[in-house]
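See below for the structure under consideration.
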Amino acid sequence: MVIFKSKRKIGLSPGSMVYVGEKTDEPVKISIMDYNAERLDEFPEATAEDIKHCMAEDSVTWINLSGIHDLAIVENIGKQFDLHPLLMEDIVNTHHRAKIDDYENYLFLVLKMVFREPEASSLLFEHVCLVIGPDYLISFQERESDVFGPVRERLIKAKGRIRKSGVDYLGYALIDMIVDHYYVILEQMGEEIEAIQDESLGNPTTKTLNAIHDVRHRIVFLRKTIWPMREMISSLLRKESELIHSGVKVYLQDVYDHVIQVIDTVETYRDLLSGTLDSYMSSVSNKMNETMKVLTVMATLFIPLTFFAGIYGMNFKYMPELEWRYAYPAFWVLVITVFSLMIWWFKNKKWL
Amino acid sequence: MVIFKSKRKIGLSPGSMVYVGEKTDEPVKISIMDYNAERLDEFPEATAEDIKHCMAEDSVTWINLSGIHDLAIVENIGKQFDLHPLLMEDIVNTHHRAKIDDYENYLFLVLKMVFREPEASSLLFEHVCLVIGPDYLISFQERESDVFGPVRERLIKAKGRIRKSGVDYLGYALIDMIVDHYYVILEQMGEEIEAIQDESLGNPTTKTLNAIHDVRHRIVFLRKTIWPMREMISSLLRKESELIHSGVKVYLQDVYDHVIQVIDTVETYRDLLSGTLDSYMSSVSNKMNETMKVLTVMATLFIPLTFFAGIYGMNFKYMPELEWRYAYPAFWVLVITVFSLMIWWFKNKKWL
Amino acid sequence: MVIFKSKRKIGLSPGSMVYVGEKTDEPVKISIMDYNAERLDEFPEATAEDIKHCMAEDSVTWINLSGIHDLAIVENIGKQFDLHPLLMEDIVNTHHRAKIDDYENYLFLVLKMVFREPEASSLLFEHVCLVIGPDYLISFQERESDVFGPVRERLIKAKGRIRKSGVDYLGYALIDMIVDHYYVILEQMGEEIEAIQDESLGNPTTKTLNAIHDVRHRIVFLRKTIWPMREMISSLLRKESELIHSGVKVYLQDVYDHVIQVIDTVETYRDLLSGTLDSYMSSVSNKMNETMKVLTVMATLFIPLTFFAGIYGMNFKYMPELEWRYAYPAFWVLVITVFSLMIWWFKNKKWL
Amino acid sequence: MVIFKSKRKIGLSPGSMVYVGEKTDEPVKISIMDYNAERLDEFPEATAEDIKHCMAEDSVTWINLSGIHDLAIVENIGKQFDLHPLLMEDIVNTHHRAKIDDYENYLFLVLKMVFREPEASSLLFEHVCLVIGPDYLISFQERESDVFGPVRERLIKAKGRIRKSGVDYLGYALIDMIVDHYYVILEQMGEEIEAIQDESLGNPTTKTLNAIHDVRHRIVFLRKTIWPMREMISSLLRKESELIHSGVKVYLQDVYDHVIQVIDTVETYRDLLSGTLDSYMSSVSNKMNETMKVLTVMATLFIPLTFFAGIYGMNFKYMPELEWRYAYPAFWVLVITVFSLMIWWFKNKKWL
Amino acid sequence: MVIFKSKRKIGLSPGSMVYVGEKTDEPVKISIMDYNAERLDEFPEATAEDIKHCMAEDSVTWINLSGIHDLAIVENIGKQFDLHPLLMEDIVNTHHRAKIDDYENYLFLVLKMVFREPEASSLLFEHVCLVIGPDYLISFQERESDVFGPVRERLIKAKGRIRKSGVDYLGYALIDMIVDHYYVILEQMGEEIEAIQDESLGNPTTKTLNAIHDVRHRIVFLRKTIWPMREMISSLLRKESELIHSGVKVYLQDVYDHVIQVIDTVETYRDLLSGTLDSYMSSVSNKMNETMKVLTVMATLFIPLTFFAGIYGMNFKYMPELEWRYAYPAFWVLVITVFSLMIWWFKNKKWL
């Protein structure tokens, strides 16, 4: 994962659009859903004409862009809806944090979607922007992932109150969808942490340590992403804008609760992991201590005895002990006595 | 303990109820207590009819559900009292944190009850929800534990002011009951910590270390649970709702004080444990140092001497010393001198 | 010290009095001082009659209870002054933190007095409660210690403005007395910390480590106790109650300053101790490193040489070197050369 | 980098100018850009006369000083625009933190520009001050670096809205330029951190450790510099001054977002580095443990066996074993048995 | 340095003056400067009469006391100006933290001056109190140091606006003087820290460690002193008192900025030192690891070989190898093979 990338070349005027995300060749796809309580029209591959047509109707128009790497297309949309240049710059600056800007005629929301990278454990953040106007909502997605599929389905099947409600409720549904993905990540992470804890109680290895550091690494990025989301939704809740009706506030409060729960859980994970790391480190210390004791016991037992054996291996001509009849058995008595005393002393020190 | 579970399948509309707690086959039990200062009717196994009947009377009606895994029953209650779908979703989302929502006609409170798991040291949290209306209170319990037994008893025996007071006082009594259970957990934990401290001053073992980490682990979850409880009760205190009479506020302030005391105590426990862990770790370091000194002293004393013994164990044909008359006693003099110097040097270094 | 004790049996109604402090057989002593600027009456062992009599007079009546373990006596006082049941519960719940409750007709203050245990270094906290009414002040002390002696003396000798002032000034004097005791504890602790710092610079031993952990342990409890005291006095300062005259506020501000200074000093102690612990730990690490170097130097010097001596101690029949004329002196040349190279290498590595 | 330098000699009156930056002989260069939507006049080496002339016109006058070490020149400018002495003192006090002062007729902004030192990794901070008046802006740069070049170019080429806007927009453009430079530094730092992380997962060496500490060191100074910048821009945003038009606020909000992102990223870097340091330290611990095990295994295997070999190398006259026919093979059987048992035991302990 | 001293004997009434600073025999010196824009009278050794005389004039009267250990003299001043007893108590309580009290007719400021102890590195804090009245300023200094000399000089030489301004500007000048001294301390400390960092990158020794702990120790006290100073000046800035004219506020804001810079720098120093300590500790760990490797390599290389040499030093009668013709060269082949394999293995493990 690229940690951080500059947003634009130094010296460009504000509003200059520079795409800093991954390069890709896939075409940008514009889709439209135009609906009210009675009817729903879907344009999977919409043109500028379709947009104009839909906007003319008395309906909620949801325009979705999958892919923002084609600056010309994004800019066209911007011109059609007369969006502020600074906003345009932020849409394609995929490293921007979550935020909300109020441009009177429309609200601009930056959100961060989270995925797990397909074959790896690392996280992938997607830059998602919403422009919420009085009767239209434009969503910009960095990748062509079908994050909003379930919302689309609910619209088509007219499930729940989504078709009967306005643009603000649609905005809520999309934010809710994004926050829900954090739950999935947290659930997986929770299972990993439990596995790590079990391992670190049983027989922790270097692999356990790497797993701890790996999850900690991901948590750093999760925290960095989720805190601005919290701020953003909280300021959306407190906003006195005509674009957000009071009936939708209770739903936004619910999303806010979910974000708080995500933060809570992330903080709990941090505490758990730091506890596990402490426990791992102290277990390593303990093991080293054990190893040291074994070494010390062995060395202390045999080094003096080896010295004594060495003494009587010397070849001096005049060594009276060598001639004695019971010198050898006496030597063994000495060895066994010293050995026993040492053992007793170690037992006393609780080393054995 | 399952650390965290996703609340619902991604893409369900808000208000969709998904039970994420432990599966169980026990039937959901609905019980009602209907009372005023003069009379009290109890329905241990109530039906929808009983509820309708009690609601009609001019009395306080307390409906209690033990078990929320049977979504149909919970939903029925919801419909009967016209409860908001988001509220219904939160009742069965057993991983939700404590909170309070104000739905004008009723207050919705999420509380977390704490138990100690029967045969283990780990904690068990129970999801408890209260809906406080003008003349009724519905309590939803995740498990069939008789947490509220003592309140029921006080109602029957008409002890204290509970029968003379309204729904808000009943709500206070239930919250108070739940907070009281934290005191029990804290008292047990306090005793454990004292035992750990005594051990870590005496002869700390790996078992002590595991005990420290075990209590720390539980404290992470206690903190995670109690802080939202504090927020919830604090916002209940500040709420200007007709459902909470000012006479009950002094009691709620008392519960609030208790929650603060719980938090205080949990934080103190954390500090104590982190002190104990530091003390354990430095004692391990000290012990390793001691072990090292023993090893070094032994090795340093005997390794050079063994070398000298080895010298005179060599079989060179021409080694003049071997022939000397007093070579052997001289060797011993050398050994004892070196030995004494070493001992003196170690004493000097405070290693002996 | 018992870390924490549950306040009451689960299920008792609020206001149920349960004494959780140490059991004792000493009788509860009630004493009264009844005074105004002109006269002072003292009742060292007062009865209910005395109280009634004093309350009738136009004077300040200070009733002091030494000992709160006799619930009947405490309850009688409560009834005589019509005190709220929740307040009564808190008087005998000796583990309650400092707080202030405003019951309109009187203020209820919980304070924590601190002592040093006579023969030990650990701290002893005493639960002290004050009820401040319009013309009376009731003080409840957990133990029969003469904490308030100096105030009594100032009253008798009519020193300072105490006799000319009202109940609120008396309350201030008592709080001030309690805060002053923290200064004594802090001064003693400061001396201990200085001694520890001197030791840890000189020759730190395991005793130093234990001293550090011991003081840290006490500081955890001091902090736990003093922060609520600060809150309590701060909210007393901001309170708009008829019971506290503005003239007394400047004195309360002074006590508040003292509490802040206590907190400041406690935090400084924490920082100093954590610095001392770091310094101790790094000195242990350094020492271990030194020990290791000695061991390594000795082993590295002699182990290869011993091997060479071992070689020429072998009994092979055909070992040409053994027959050589100058083999033995050559061996010594080898030994001394290897030795010198090693020494030079160690010097190079700054190990010697 | 000089960490900190006193701002002035003790005892000088406030407003005394003392230059504390690096000494240099380069001349101070004054340049002017005088423009409105229609025309632009540039004076690369301006005199006091030029300033007077430009101020007389109905245009935006941007006066830029490269170098502030020549106090006389700075003072002249100060007199010409009647700037407050305290402001003059802060212009040349190059260690001052970022701040904003409102002198009614003009705003005074202190900013810190950041560079990477040409051939080294350490950071270089440049002191930049802006005085924003109703129709003029004076910028003071500590060094003769062309930080503001791109803005000058945009002015000349009349790109974007800069020529059509007033002094406040010019001020915004300069601040934006400075904040953009932080992005560059962060991007470089991010790459370094990624390299460090890769290294610390593979084979961490002391060089890795030094790199960690080096980046941490730079982050300390980045944080110290950027937090006051945030405060400064935030208070500029909230300021109700006639000098800042509401149309420019949306641009300032954008710069503010960028500063927040810089802070966010710096904090993330800190977390990542502290994780990497932990991971490095635990890998060192693990390696030491491995080394210890090898030593212990080798010593434990051979020390007892060497002792036995030593026994039968003794020269006692009466050692019956020496004469036995199969003593030698029996000795090997003993050696192999002991060896196998040891190996089995180590395997059991997971040391092999 | 005495860490903390109790302010007064327990039980004294509030306002009782107890001097807790160092005892000294030097006489207390009172000096007066009486001035307005036109004239200045100086009384280096003033009497009570002089004070009365000066107060009568229409001028600013600055009374300075060097030394506060003579309680009688301090008390006299107090009576002459009718100062509050609590204020008198705080003047002589030299351990009081910085604060500001508003007594309507005058402001009372407690400040802490900082010095470096002449021959040592430790810090010395001086208790300085200011009483700012409508036309007089009394300053109380704990020691007879000429801290305020430069202000006196500016008054005499009529430099700057000091003679034309009132008491409040004089007060500002004195506070500014005190804050300036912190800059000096910080500059010295900064140089020490740079030296420590250079050392810890090169060859850190125990002396480096002690230097780190020494500076950390001083920083604890600097922080403890400077934070209340910040609070004090901030509340002076916000105060709506007739004694502080709005024209002086811009100067006070300047002092406030300086205090913030001091705090900033102290916090930076903390971060730098904690980084340096981490770096020192990890370098110790690394070195220990290196030592261990040397030991392990040496022991592992020679211990098995010594065993083999020991084998063939045994004196068994029947050891066929001993008789073989090429046993000895074969032994050397074995030794060199084992040796080479070990070296290869160590190289593989990156230990060599």
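Order of writing sets the chain letters: A, B, C, D and E. Residues in each chain are counted from 1.
Going forward, a contact is a pair of C-beta atoms (placed from the backbone, for glycine too) under 8 Å apart; a residue touches a chain by one contact, two chains touch by 3 or more.
These figures come from a predicted structure and were not determined experimentally.
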Neighbouring chains shared between subunit A and subunit D, ordered by label: none
Smallest count of steps, each to a touching chain, taking subunit B to subunit E: 2
Turning angle required so that subunit A lies on subunit E, C-alpha fit (0 to 180°, nearest 5): 145
Geometric centre distance via CA averages, subunit C-subunit A, whole Å: 41
Between subunit E and subunit C, distance of the C-alpha-averaged centres to the nearest whole Å: 26
Sites on subunit C at which at least two other chains make contact: 285, 288, 292, 295, 299, 303, 306, 310, 313-315, 319
Chain contact graph, described as a line, ring, star, complete graph or other shape: ring
Complete ring sequence of chains beginning with subunit A, oriented so that subunit D follows: A, D, E, C, B
Partner subunit B, residues of subunit C touching it in the complex: 2-8, 10-15, 84, 86, 95-97, 99, 101, 203, 206, 209-210, 213, 216-217, 220-221, 223-224, 228, 277, 280-281, 284-285, 287-288, 291-292, 294-295, 298-299, 301-303, 305-306, 309-310, 312-315, 319, 321-328, 331
Contact set on subunit A toward subunit B in their complex: 149-151, 153-154, 159-162, 173, 176-177, 180-181, 183-184, 186-187, 190, 193-194, 201, 250-251, 253-254, 257-258, 260-261, 264-265, 267-269, 271-272, 275, 278-279, 282-283, 285-286, 288-289, 292-293, 295-296, 299-300, 303-304, 306-307, 310-311, 313-320, 350-351
